[in-house]
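Next up, some structures in structure tokens.
You will see two complexes here that share chain A, one where it goes with chain B and one where it goes with chain C.
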Partner chain A sequence: MYARTWVRVRSIYGEPLWLVVGIAFPLFTTFGLGFLYRSSGVGALAGFAVLGGIAVSFWSNVVWSMATQFYWDKQEGIFELYLVSPAPVSAILVGMSIGGFVGTAPSALLVGVVGWQVFGSAVTPSWALVATGFVLTIVALYSLGMLLASVYLAYGRQAESLNDSVMQTVSMFSGAYFPSVGSGSPFPVSLQLVVSLIPLTIGMDVLRKAVFSPLTSAFPTVYEDLAILAVLCVVFFVLAQWAIGRMRERGRKKGTLVVRQG
Partner chain B sequence: MLRPLFASIWMGWQREIGWGNPVVAILARSVAPAAGALTAEIVYWFGASAAGLFDPGRLAYVVVGASLYGQVALYAYVPTSAISEGKNSYVFPQVFMTPSSSIPYLTGRCVASFLESVPVVVISVAVCALVSSEFFHATLPLIVSPLSVVLFVTAMALIFPSALGLGYLLGSYAIFASKFEWAVPSYIAGTLMILSEALYPASVLPWPLSTIALSLPFTYFMRASRDVLLYGSLSRYVTDAGVAFLLGMPLLVLGLLAFRAGENRGRMKGFIDRKSM
Partner chain C sequence: MAIVEVRELKRVFKGKKGESVALERVDLDVKEGEIFGLLGPNGAGKTTLIRILTTLLLPTSGKAAVCGFDVAKEAQKVRRVIGVASGSERPGYDFITARGNLWFFSQLYGISTKEANERIRELSTLLQFKEQLDKKLYMLSTGFRQRVTIARGFVNDPKIVFMDEPTSGLDVITARTIRQFLFDQAKERGRTIFIATHNMVEGETICDRVAIIDKGRVLACDTPAALKKQVGRQVVVMEVGPPQPFTFLNDLRGVSGVSSTIDNEKELATVRILVDDDAVEAQVHRELESKGMKVYASWRQEPTLEEVFIKFVGRGFAESEVVAT
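Moving on, here comes the complex of A and B:
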């Protein structure tokens, strides 16, 4: 786990351009949607766009550097090394998650600092709730990334080609930039229940409530959100472990575990 | 000149759409742009409703711009993608070893992407209109008639030289770059989203961004599209589409010169077939 973390951290911090590359999508989207909030008459809500930009930095890392990583590793012949090493695959995935988080943190921080400088949104943070919500959101998101890594490995190119669609669609449904659950949501209740299964949805709801409490809805309460998020962390982590086992078993039976796709 | 151009258009179409059923491929291509446009639509709805200033006309303004900017960015990125991907797949070396320049090849690939983008924009606007009607109970005041559609597609064609010029400029960079070319579309799309009046008028931006926005051909393309789809103003359309086209010409010439220079230097120095990471 430590070894995989170290490789990922080194690969990101050893190439300063990664910071520039990683910040592009969330920063531009933050600016665009922040100015849209401002032009729509409520400049105070521009902070939602900034918060969304921070979360999307991590979501982007989960999609592009967690979900697809094993597939790319297989294509480049590294995945065999993981399989023959005595380390459990789950430890490698956890190491990848920690490294990905540490590598993404500067980009996310930069989005937050620049965003708040430009839009100057008033915040009323409850730091304990912010910290708890943030940690649980990150754990749930990277657990989902571990689960997706197995799915992408099993389905290869078909899954990889869906990456861009998954990235944008989940960002939209999870309400990274606007509330998608609760009283401010544009979605019907049935859809809100479905999108609540995405950790980013509940995570964003917690963070918005913890940072901008006067601007957010009262239901569900922040503590209810935290409880749901904690459950999602456990569920996705367990599912990820199960999927890794299934992926190995299926790959061994079919002989496709290390077969590269053209 | 025309034969390689048509061959490249066909090749680009096969790469983007020909991997499966064309309808499924177009629908699959439309998911991400439609989701992006919906995000902007909902952000406007949420913000304007909170302020008590919701206006369906303004919602349509956001929908049209949000559906368009990503597509312009998409075909501006094609030369970069064709070069970096082509280096890795050995397609690009086969193009540049021909006696002519790679320009007809890249132009053809851009045209294929442009052809693909027209239905994607239509689908994106249609999805946003449906969501607006179902969820916000607001009908987008879009003017959809044969004339407005023809003028809108003409506006898309008139901005094509600008996107092509930008594409050549980025393509000249891609000849020498060995990593991170895949990040280029985020930068183009992001810049267009902020500066081209895609989501809000340029007056919202602080100086000097507002001035830069008014000097971009893409800003006038957005205006021309809205002139026909929202305001029904032919006179404003002619002016805005004309300005978009005229501002795009220097960009196209600059892009062609930069690409020609880059290609020659790339051939001499051996960069042209160096694989990217």
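Moving on, here comes the complex of A and C:
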């Protein structure tokens, strides 16, 4: 697990361009939306964009590095080296998650610090709620990433297009830069229920409530959000373990584990 | 004692166009400490067999065991005692050094960092890439990358190492270094090496025993010397031009097999013909000339493993690859 964490961190910092992209893209979006809120006369909401920038940094890492990693490893012939070793695949996935988090945290922090300097409102966040919500969101997100890693292995070459559609759709419906669930949401209740299955949606709602409580609705309460996040953590983690085991056995039977496509 | 036991092994792949049989009732025993070569053309079933023995694939029927562990039911135990290296795969992650990659793969086997570092030092010395250890993989030449791949297969101190085309596409010096390393590992360390290859030199120079496999079936299995004795015929090599299909020679009485390699630039073919006696050679000459070809040179050779392959399969590797494409 530790070794895979090390590989992930080294890979992130081994390519300066990836580092720049990881910092610059969320920062640009944060600034764009922050200035839009401010020029529209709702400058107090600009802080939402800062939280969104932080969340999108991690979400990008989950989608592009976690979910697709095994698919790329398979294409490069490295995935089979994991499978012929006695190391549990789940430990490798957890190592990838920790490495992804550690590698992304500095850029997310930079987005947060710079964004807060420019758009920060005079707020007094509930730090305990912020910390709990953040930890649960990260665990749920990376558990979802582990689950997606198995799904992408099964889907093979369609992974890239799947990634593109997942990335943009989730960024939109999870409400990274605006409230997508609760009374401030522009979406109908049925859609809000569906998008609540995305940890990012609930995570963002928790952070918004913890930081800007007067600006957000009372239902669902921040504690209900935290409970949903905790459930999502467990569900995604268990599902990921089940999926990776099933993918492995299915691959051994059908011979799809090492067939390189493309 | 057999470290690998394969009995009645069959593997069928199901695809959209129907079923294809990759392995058909394969029986094999590999002894502890020997270098065992699985010799066959592309598509013969070599890689499928290695994938079953390394737990990547399940057999459709039959049994296979490595170090006494069933590859289907005791996969985790098999994984603890094997090493794997292939000529076509990447040694690891490009943005990490050779040393970093070797350490990383050693950790998949739960080896302590101290022990791993010691093995990395030893393997890089034996495979002569010590100076390249702290370079990132993308900076290494093909030959050094392959040395790292081979080292990776041994970094967990395995009892048996499975290698698929370990010297494929390498220059002569690198290939020789790797062969010498494999030979020493088997003879001095008692490690078993299982090599799938279509490289005749590999089969002849370092393998204690060789199994010839084609279309999923093992056709013969013995020491290279014993297999060559089985040929019991003479080999006539001819340089012929312009190149044409030579399959018609198979129809001549006294010809047991034909293989050819074509040099398109020189418009010349080197034809190897397995003949029963001297009289056949003259007949071959006449047949070639009657087809408008000219024989520029002709000589006799001792049978090689290629002739062994021709005897059992009826064609050479070159022809097999043409068929495969």
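Here is the rule we use: the second predicted complex is superposed on the first by the 256 of 262 C-alpha atoms of A that agree within 3 Å, B and C clash if a C-alpha of one lies under 4 Å from a C-alpha of the other, contacts with A are read in each partner's own complex, and residues count from 1 in each chain.
The rule is simple: a contact is a pair of C-beta atoms (placed from the backbone, for glycine too) under 8 Å apart; a residue touches a chain by one contact, two chains touch by 3 or more.
Model, not experiment: these values are computed from the prediction.
After superposition onto chain A, the modelled positions of chain B and chain C are compatible, with room for both. When the two structures are aligned on the shared chain, A:T29 is found in touch with chain B, with no touch to chain C.
Once the two complexes are overlaid on the shared chain, A:V113 sits clear of chain B and of chain C alike.
By the document's definition of touching, of the two partners only chain C reaches A:R10; chain B does not.
When the two complexes are overlaid on their common chain A, residue A:V231 makes contact with neither chain B nor chain C.
Contacts of A:V135 after superposition: neither chain B nor chain C is touched. Legend: residue contacts after superposition of the two complexes on their common chain; A:S85 is shown touching chain C, with no touch to chain B. When the shared chain is aligned, no partner comes close enough to touch A:L193: not chain B, not chain C. For chain A, the partner that touches more of its residues is B, with chain B and chain C as the two candidates. With chain A as the corner point and C-alpha centres for all three chains, the angle toward chain B and chain C works out to 90 degrees, nearest 10. Annotation: superposed on chain A, chain B and chain C show a minimal Cα-Cα gap of 8 Å. Those residues of chain A whose C-beta lies close enough to touch chain C in the complex are 2-4, 6-7, 10-11, 14-15, 76-78, 80-87, 92, 251-255, 257-258. For chain C in complex with chain A, the touching residues are 13-14, 51, 54-58, 76, 79-80, 82, 84, 86, 88-90, 92-93, 95-96, 100, 103-105, 107-110, 136, 152, 156. Residues 17, 20-21, 24-25, 27-29, 31-33, 35-42, 45, 49, 161, 164-165, 167-169, 171-172, 177-179, 184, 186-188 of chain A touch chain B in their complex. Of all residues in chain B, only 28, 31-33, 35-36, 38-40, 42-48, 50-53, 58, 62, 135-136, 179-180, 183, 186-187, 189-191, 193-194, 198-201, 204-205 touch chain A in the complex they form.
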